[in-house]
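Can you read through this structure? Questions will come right after.
Per-chain numbering from 1; labels A, B, C and D assigned in written order.
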Amino acid sequence: MGVQSQSTNSRLRDLAALASGAKLSRLQWSGIVAAVVFGLLLPLLVSDYRTFQFTLVLVYGIAVLGLNILTGFNGQFSLGHSAFYAIGAYTAAIMMDQWEFAYYWTLPAAGVICLVAGFLFGLPALRLEGLYLALATFALSIATPQFLKYDHLEKWTGGVQGVTIIKPDAPFGLQISQDNWLYYFTFVVMLLLFFCAWNLLRGRTGRALKAIRDNPIAARAMGINTALYKSLTFGVSALYTGVAGALGAIAIQFVAPDSFTFFLSVAILVGMVIGGIGSIPGSIFGGIVIVFIPNLAEKISQAAAWAAYGTLLILFMYFMPLGIWGFIRMGYARLTRRRKAT
Amino acid sequence: MELFLQQTFSGLAFGGVYACMALAVVMIYQATDHLNFAQGEMAMFSTYIAYTLITWGVPYWWTFLLAMAISFVGGVLIERVIVRPVEGTSVLNEVIVFIGLLAIFNSVAGWIWEYTIKPFPSPFPKEPLFGNKFVGTHDLGVIGVTLVVLFAVFLFFRFTPVGLAMRAAAQDPASARLVGIRVGWMLALGWGLAAAIGAVAGMLVAPIVFLEPNMMGSILLYGFAGALLGGITNPAGAVFGGFAVGVLETLVGAYVPFIGSELKLSFALVLIVAVLVFRPSGLFGFVVVKRV
Amino acid sequence: MLNRRNFVVSAAAMAIALAYGPASAAGKYDPGASDTEIKIGNINPYSGPASAYGTIGKAIAAYFKMVNDKGGINGRKINFISVDDSYSPPKTVEQARKLVEQEKVLLIFQSLGTPTNSAIHKYMNAKKVPHLFVATGAGKWGQPKKYPWTMGWQPAYPGEAKIYASYLLDNKPDAKVAILYQNDDYGKDYLNGFLEGLGAKAKSMVIAKEPYEVADPTVDPQIIKLKASGADTFFNITTPKFAAQAIRKVHDLGWQPLHFLNNVSTSVGGVLKPAGLDKSVGLITTQYTKDATDPQWTNDADMKAWHAWMDKYLPDGDKSSSFNVYGYAVAATMEEVLKKAGDNLTRANIMKQAASLKNVKVPLLIPGVTVDTGPNDFYPIECARLAKFDGAKWVGVGDVICPKK
Amino acid sequence: MALLEVSKLEAFYGQTQVLRGLDFSLEEGGITTILGANGAGKTTTLRALCGMVRTRGEVAFGGAKIAGGATESIVRHGIAHVPEGRGTFVRLSTEENLRLGAYTRRDPQAVGEDLERVFQYFPRLKERRHQQAGTLSGGEQQMLAVGRALMMGPRLMLLDEPSFGLAPNLTEELFDILGAINKERKVSMLVVEQNASLALAIADHAYLLETGRIVISGTAKEIEQDETVRKAYLGY
């Protein structure tokens, strides 16, 4: 891949470094404040249906961030994140349906279970790299729906029929719709998770992860316990995706094996790459991509919706090789440079 | 015993199909250093082209050659026109383009040829060879053709300058340019050859599973698994891997009671991953020894 | 904020006005219906691994186009809005909400798939929007008490399975049965219905069952295993591709069981021909629609109309696809319900009309099979006829059978 | 007319300019060396000649204008580049590596003869001809790189730090062989070396590069006598 790719990779890396930079500039602060205010006002401006769609954007955004932590920051591939999403979703569904827990308790449970699952999966995965890791994680995402259907687990999972759950009402007698409440709930969880990720990735841990990604041998020489870091990263990545799964289950009110096929893994991967690899804000664009690109494709051609979808993916890669967030950053950099020049 | 033999032969027959696909996978890997997720759908599309030729009355073996030739040209064009702009950006960008291609081929095939299954002729006689009751003649034919293709690939890579140049270009494009290899065309050539081998795989598979747009999906996956199990850098290893996956999957389904047919795919994949944990380059993979 | 609230209030007022207010001269309307138009929503997998079913959506759209060309229903044009869910339940929820809340359709018709419809089951009933003639044969769509807004159409899978079970109990009580089924809700519905139909004898009669996954490339290993069980009867619960594989493999292994094939895969052109007509002799199935590729219907009036319609409205369509027959027949049922609703196009009235179809002869149903519903009967088609394949066509065996509920 | 004529050659990595207008020429049959500190642009000069970096300016080789062409087209004129880091195809065998050198040649007999000649120069490579090239030692890989360049039947060889990472005795051996190749095969050479005294010993012309510009040029003898060069690069 030669010279060109090296320069692209280093550009990517610079962007990642900027995105998770230790200190935020004034511009970045104002950007974040503006984004949060926009996020808070959004449900007031659109219909319940749109609010529901944006809830899904946030949910998938969290899942994409999970994958981004693993792939973008630590350089490990995964085609298996649908599995962690499914574990999170089923944890929520089973807790709510069988044991009548309140929905908010399911999030920490889903997170912890996925953290453990991800960590355990990360251990053998340590020995695998690149393609082989892709195959192993792929096996995970193929196996998941089969296990969810498995006869002996049917008591909890509902087998092929899945589990239906009830959508929560707004608490404290708030006079807002279920959709709005769920949006705000998800929004707060998302802010929390994004803040944690930013905190985690900007400091020592983040540097260690990136060192492992860019040069594992050197990282080891620097005294970084690469095995522990890589497994833990898998765990944390799974945690994020699992919490997203739980939130997704609550928003959709239904889980079934067919909701968590390999195609979900692909969608999360596509969201990550088009949103922006190795960037925290890019993950939200990833969520937008997952929800809206298929709708756009359908608008272009319903008879061959997948052909339109595929074409869109390819065009994105042509015109935004660094993803939407990379595109925005580059555009901004070019603008300021031009301004300085004049 | 009879059941065991029957299962084993059935596994071998399908293993032949996986092996052929694994070979196509290795081919493109040798030439481009990448796995192409769209390869299965490309093979399916080639098979539809062959199907169309047959309905036009072209004799089977002419169809076979024509389909390979068309696929070769198609593969070269796809690389030159569609994949080229993202070459050398990042692996994930290329993966996304492959996913895009997969979706396009799948959708367009369904759009043109509809989704009802289509019978695809086999060039081999219907009667089982020597009156045996374990394995059909087409199944044997699949194994035979796979081995022939393997041998041809081996000869090509080992003994022709172009084959050598392709391997060099995939391994180290910068150095390859320095000896005058036109790396871009090597990639295109690799795509073309992989597409042609994929077409062979598709035409061998279709008589067994019936032709439809989703025909190759799972077969490509098994092909990947076989290639990785046997060693992605070694065509013979990949062919062995393909056969191994076919037999393994069949026997696990038949003889491991707790797993049964329900979890056999998962189990086979887990087993393969377990093997890879202990032999990260696959069973017969080339271990790259590098002095730093 | 204030503006928005005002807007909400006025929108609500408008909705109330539409529902209860003084109706216009022509009729009573709920959202999605007017003097000139009836909006019908539909969800189908046009993309993704299940996109084969997208054919049904296209066929229905073509049928409504024909209806509109003929002047519509009671003077109103059908506005058929069909959307794609890729057979993914979360997407189905999103799309159903889009149809109901954004497009404001009068009803959702023929949304396809069991998991996908399960995902919107509660939503549709909470919103009180008709969820009509869903495209799945699961047993759970006929619960008028619990889900008064949801109704199936085709014979439920368990019911069909019971027909085979009772045939077996009557004709071959000592059968040793092997079953191949798709490992999902559809396969399990058939399987459970069959076991239920056999009752106490199920344990002794069913000696082998093998599942397969939709992602499997072949079912050959399963067939080999089933044959080895020593069974003399085979119940084949598979979708067309796997059905063709199974029929061929059973024959090639020299196994000659009494072979029941589920209705899903009875198409002569789409399944039996690819598998080999000679290998299909003796298959037993149930039928409720005519098969366009079965030569016995060539001169049938319904079939001629269907061919004319295919030629005009779906010229590129596949005439050997049973989905095109299915789509035509189910759309005709919908047309019938809307006709009967007349100018009272409220959602409640639509459900009332859908639940009072008596002995309605929908085109392409085989003679003797009719659409019947009632306030407590949300299973429109329940009867079917056993048929045996003679190497060229399906030959009816006995009368039309209606399984007991 | 000189074999290689370079005028106003500039080279860039991204936005950064590394060469700032080089003018030099190279006589047929000679050995020329480029000296300079780390980062002066020596390696870049070689890469620029082969079109491996973005350039501006003119390069004529044997009368043909080659600047701006693709690497694979430039080398087909008869320029063999032995790159920094040797560029070994690690998964191929030693012999396959060598045969790749002759990839553009269409005369199997001559290629076969050249292969034997390389084995004469480097008998170690013959011993290891079927071994995976990645398993060769650093010195052997350097020999392989030179051998591969020779297999191209070049008129000009560009050598980038041939002594890098080699033991002193090996280095000497290698330079002897390079000298022999220059004499016997009439191959012109452009050598970039850290080890200036070694390079000057074999070269007949030399250029001194500082931050992308040629600051001194002359015959190897003259340069060796030059005060600044001696202080800065020869260390005596």
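Basically, contacts are C-beta pairs under 8 Å (C-beta built on N, C-alpha and C of every residue); 3 or more make two chains touch, one makes a residue touch a chain.
The shown structure was predicted, so the numbers you read here are calculated from the model rather than taken from an experiment.
**Q** With centres defined by CA atoms only, which chain is the most remote from chain B?
**A** D
**Q** Using the touch rule from the top, point out the two chains with the most contacting C-beta pairs.
**A** Summing C-beta contacts for every pairing gives the maximum at A-B.
**Q** Approximately how many whole Å separate the CA-defined centres of chain B and chain D?
**A** 42
**Q** Could you state the distance in Å from the CA-based centre of chain A to that of chain D?
**A** Each chain's C-alpha centroid was found; their separation is 49 Å.
**Q** With centres defined as the mean C-alpha position, give me the chain B-chain C separation in Å.
**A** 37
**Q** Using Cα averages as centroids, what's the distance between chain C and chain D in whole Å?
**A** 75
**Q** Give the residues of chain C that touch two or more other chains, as numbers and ranges in rising order.
**A** Residues 47, 49, 51, 183, 213, 215 of chain C touch two or more partner chains.
**Q** Going by the touch rule set out above, which residues of chain B reach two or more other chains?
**A** Each of 103, 106-107, 110, 174, 262, 265 in chain B touches at least two other chains.
**Q** Considering chain A alone, which of its residues make contact with at least two other chains?
**A** Expected reply: 3, 142, 146, 149, 303, 305-306, 309.
**Q** Show which residues of chain B lie in contact with chain A when the two form their complex.
**A** 33, 35, 82, 85-90, 92-93, 95-97, 99-104, 106-108, 110-111, 173-174, 221, 224-225, 228, 232, 262-263, 265-266, 269-270, 272-274, 276-278, 280
**Q** If you look only at chain B, which of its residues touch chain C in the complex?
**A** 2-3, 6-7, 10-11, 14, 17, 103, 106-107, 110, 114-119, 133, 136, 205, 208-210, 212-215, 217-219, 222, 249-250, 253-254, 260-262, 265
**Q** Across the complex, what residues on chain C touch chain B?
**A** 47, 49, 51-52, 54-55, 183, 210-213, 215-218, 220-222, 224-225, 228, 240-241, 244-245, 252-254, 267, 269-271, 273-274, 317-318, 320-321
**Q** Considering only the defined contacts, which chain B positions touch chain D in the complex?
**A** The touching residues are 161, 164-165, 167-168, 171-172, 174-183, 233, 286, 288-291.
**Q** Per the contact definition, I'd like the list of chain D residues that touch chain B in the complex.
**A** 50, 52, 70-72, 75-76, 80-81, 83, 87-92, 96, 99-101, 103-104, 132, 134-138, 141, 148, 152
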